[in-house]
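Have a look at this one before I ask anything.
Residue numbering begins at 1 within each chain, and the chains themselves are lettered A, B, C and D in the order written.
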Amino acid sequence: MKITIWNEFDHEKHDDAVKAIYPDGIHMCIARFLTEAGFEVRTATLDDPECGLTDEVLADTDVLYWWGHLRHDNVPDEIVNKVYRRVMDGMGLVVLHSGHASKIFCKLMGTAADNLKWRETNDKEILWSIAPGHPITRGLGDRIVIPHEETYGEHFIIPAPDELIYIGWFSGGEVFRSGCVFNRGRGKIFYFQPGHETVPTYHIPEVQKVLINAANYVYNNDTDKYPYGWAAPAAQQN
Amino acid sequence: MKITIWNEFDHEKHDDAVKAIYPDGIHMCIARFLTEAGFEVRTATLDDPECGLTDEVLADTDVLYWWGHLRHDNVPDEIVNKVYRRVMDGMGLVVLHSGHASKIFCKLMGTAADNLKWRETNDKEILWSIAPGHPITRGLGDRIVIPHEETYGEHFIIPAPDELIYIGWFSGGEVFRSGCVFNRGRGKIFYFQPGHETVPTYHIPEVQKVLINAANYVYNNDTDKYPYGWAAPAAQQN
Amino acid sequence: MKITIWNEFDHEKHDDAVKAIYPDGIHMCIARFLTEAGFEVRTATLDDPECGLTDEVLADTDVLYWWGHLRHDNVPDEIVNKVYRRVMDGMGLVVLHSGHASKIFCKLMGTAADNLKWRETNDKEILWSIAPGHPITRGLGDRIVIPHEETYGEHFIIPAPDELIYIGWFSGGEVFRSGCVFNRGRGKIFYFQPGHETVPTYHIPEVQKVLINAANYVYNNDTDKYPYGWAAPAAQQN
Amino acid sequence: MKITIWNEFDHEKHDDAVKAIYPDGIHMCIARFLTEAGFEVRTATLDDPECGLTDEVLADTDVLYWWGHLRHDNVPDEIVNKVYRRVMDGMGLVVLHSGHASKIFCKLMGTAADNLKWRETNDKEILWSIAPGHPITRGLGDRIVIPHEETYGEHFIIPAPDELIYIGWFSGGEVFRSGCVFNRGRGKIFYFQPGHETVPTYHIPEVQKVLINAANYVYNNDTDKYPYGWAAPAAQQN
């Protein structure tokens, strides 16, 4: 399976506190544990030519991970549309944390998914599994504790997910649909809420396991392409 | 309840066969039976200034009906975005027949919903209710027979509907998710497949009843607007 | 609309602390605010002949509320089956708090719905609305605060609800799908988690409003009964 | 993966026309192609001691296939309950054709799932995929044609499936949700409508492939068992 990790890669360059946690960028941290898990991984960032998402790269990507925060608007619509068409054709997509407000996620949701509650108070988060036995939760028990995270709270403006995997509890009083699967076209999308840049969430082994499990789950490439458009009566065919 | 019927209103002007069925346009036919049902109805068409969908009209619309076919691209993005924001805020939307390929429907689905199978062979369609007791199917029995319709066939590229109301059977061999409810933001959307311009579908009493029931069901206006954005810890509030 | 409130009515007779909160029983407290809301309300309890749920009472009930806790097994299977058949035929059912472990709820779920986490430590609960604009949440804002409740925690062994309305946050660290709608047959079921006998939850105005809204939402009686069994080819009929 | 095929095995003994199609019983036909696909397969039938479903057999079964028709009532409740508990714990279940009216399927649905329309007129059935890219539909294109089948028609009294995979079209005018996935507890259930005893459906390669794919999809064994019951506050744990 070929994975591309896309990262805005801005905080890590300009904020020393973030740099201390992710010296090579969030994308390299994720790339490392996905590589160790046996996947073939490349990375791409906002400031690469064409955001690193050329036709060749996208055509050669089975699952795309997406982390962005401050500069969603700098991703050209043309690239968003190319990613969208690849999802329709079966490319998996894992949207991370503040990627909920990215152009590609909002486009795939069809809603104002940038809307939710948030707060940076280093709340404890407990992710409760709603899906025992699901491929994404396997081997992870009934909960994952994240000592400190940015708080995201409901209501989150998304369509009802096709599968609700995790609900997040925050010590400040909020809850959030923190792990959600959406089927769109032939593509599968997994949204995973934890992953703020100022806390070492992607260094937590259980979080890494969720993201490894997710790659396998949203992988849906090379599946049958169906015919669309004008069609002769099916009842007369064999 | 205030309803606005939007119609592309093109076939009815230029095609005598269509004009014979809907001399004043499809929108006027629908407006008539919705008015008789007690709703306050206005109409709007593509060639009206601002497509007839000014800020004032949209703000004053509880439920919008949408019929379009050949000229989806002539609806400016700015107007599509205004309709979209009204749906997020609770305006109901009833999308009719080839409106599945409209900009607004595709935007709200987040998928390439213009893709399906189709054929104009005047197939018989039988709409089978999957939702006994649902407000949209009330008083309509377990099926609705449409003597002749354009055939739409699966696969139809939409997200799984929040509620599947009708499955259409076509004599040529196809099936279609012909009645679907989608919740998006605070808005409710009902997609209803029958309604080709060359057959008198909107003159059928059962079809009219579906569309009357639908208005009541997707009506969701004047509901609470929730707070979004930065939020103080809820646990410390009363 | 005719409502029957069924209560086990055991704690309130034998536990002074509970009696102090609900001197006439939980059923009478609920009956009072539903009556004030304009519904026609009767009550029934476990120790009544036939549990108070005779054929006549059930046939004359549009929506049944169910509160039980310690003596689920004392409800005869025959009565459970009668309630079940009425739900199949469109009677609404509102299952309250520990009613999750009742025979009727487990039967309708098809799962071991008596399984969840629980704790009696008077946690604060915050109910977060996941369904803005939904008939059950109308007029209630984005959250309901319950100062003290029994804690229920995920994982709760239920099928994915047809509509997830509220997620509960508990100060001890748990989350729960506290408001869920299930469609079964022609019936609608609303499960609502708060309502422990040792705290005055049913005296809270927002909780009362949820239960009033729920009555209207699950009301589905007098809807069409469909034909089942052997059927002539539909295509040959008009 | 260890599969057990359970068959009522009655028609094949007493009806020469059925015997001609399935000389060793439907279970042996299914066992053969599942064995060829690499699974470890055993069979069990109604007239075996304990219906062939002893504790040992069930504990050693990852996925259970179920075909029954005339003698659902002869399966003792005790065995139904044992199968049910195994599904709660993660055993996969594939319910075939008239197995929709079996005790175990109705129990897992929580509805009167024995209710649907039916007719034995050797209609053509076309199964249309609603789930491109889904593991159950892989390699099968957008449709499967079954020259002759018993007709099943909506309305079928089941809860909305967690995943709708196939809709069946019948030449007589009916439609049916012919391929449905339900999650119950840790178990996954796949209901597949084709498979009448008087037609050679299980000899069709595409049908065999659906049933092979299904085994892989509903396999969910050896997954984490979560804790239930009294629980200390999660927020105080690490």
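In the analysis below, a contact is a pair of C-beta atoms (placed from the backbone, for glycine too) under 8 Å apart; a residue touches a chain by one contact, two chains touch by 3 or more.
Not measured: the values here are computed from a predicted model.
Comparing chain pairs B-C and A-C by the number of C-beta pairs in contact, the larger count belongs to B-C. Note on chain placement: the centre of subunit B and the centre of subunit C lie 34 Å apart, centres being C-alpha means. Averaged C-alpha coordinates give centres for subunit A and subunit C that are 37 Å from one another.
Multi-chain contact residues of subunit B (touching two or more other chains): 126, 129, 132, 142, 153, 155, 160, 162-163, 169, 171, 173-174, 183, 185, 226-227, 234-235, 237. If you draw each protein chain as a dot and join the dots that touch, every dot ends up joined to every other dot. Residues of subunit A touching subunit D in their complex: 90, 124, 126, 129, 132-133, 137-143, 145, 162-163, 169, 171, 185-188, 220, 223-227, 234-235, 237-238.
Subunit C contributes residues 126, 128-130, 132, 142, 153-155, 160, 163-164, 167-170, 173-175, 177 to its touches with subunit A in the complex. Contact residues on subunit C toward subunit D in their complex (touch as defined above): 85, 88, 107-112, 115-119, 121, 123, 151, 153, 155, 157, 159-160, 162, 171-174, 182-185, 226-237.
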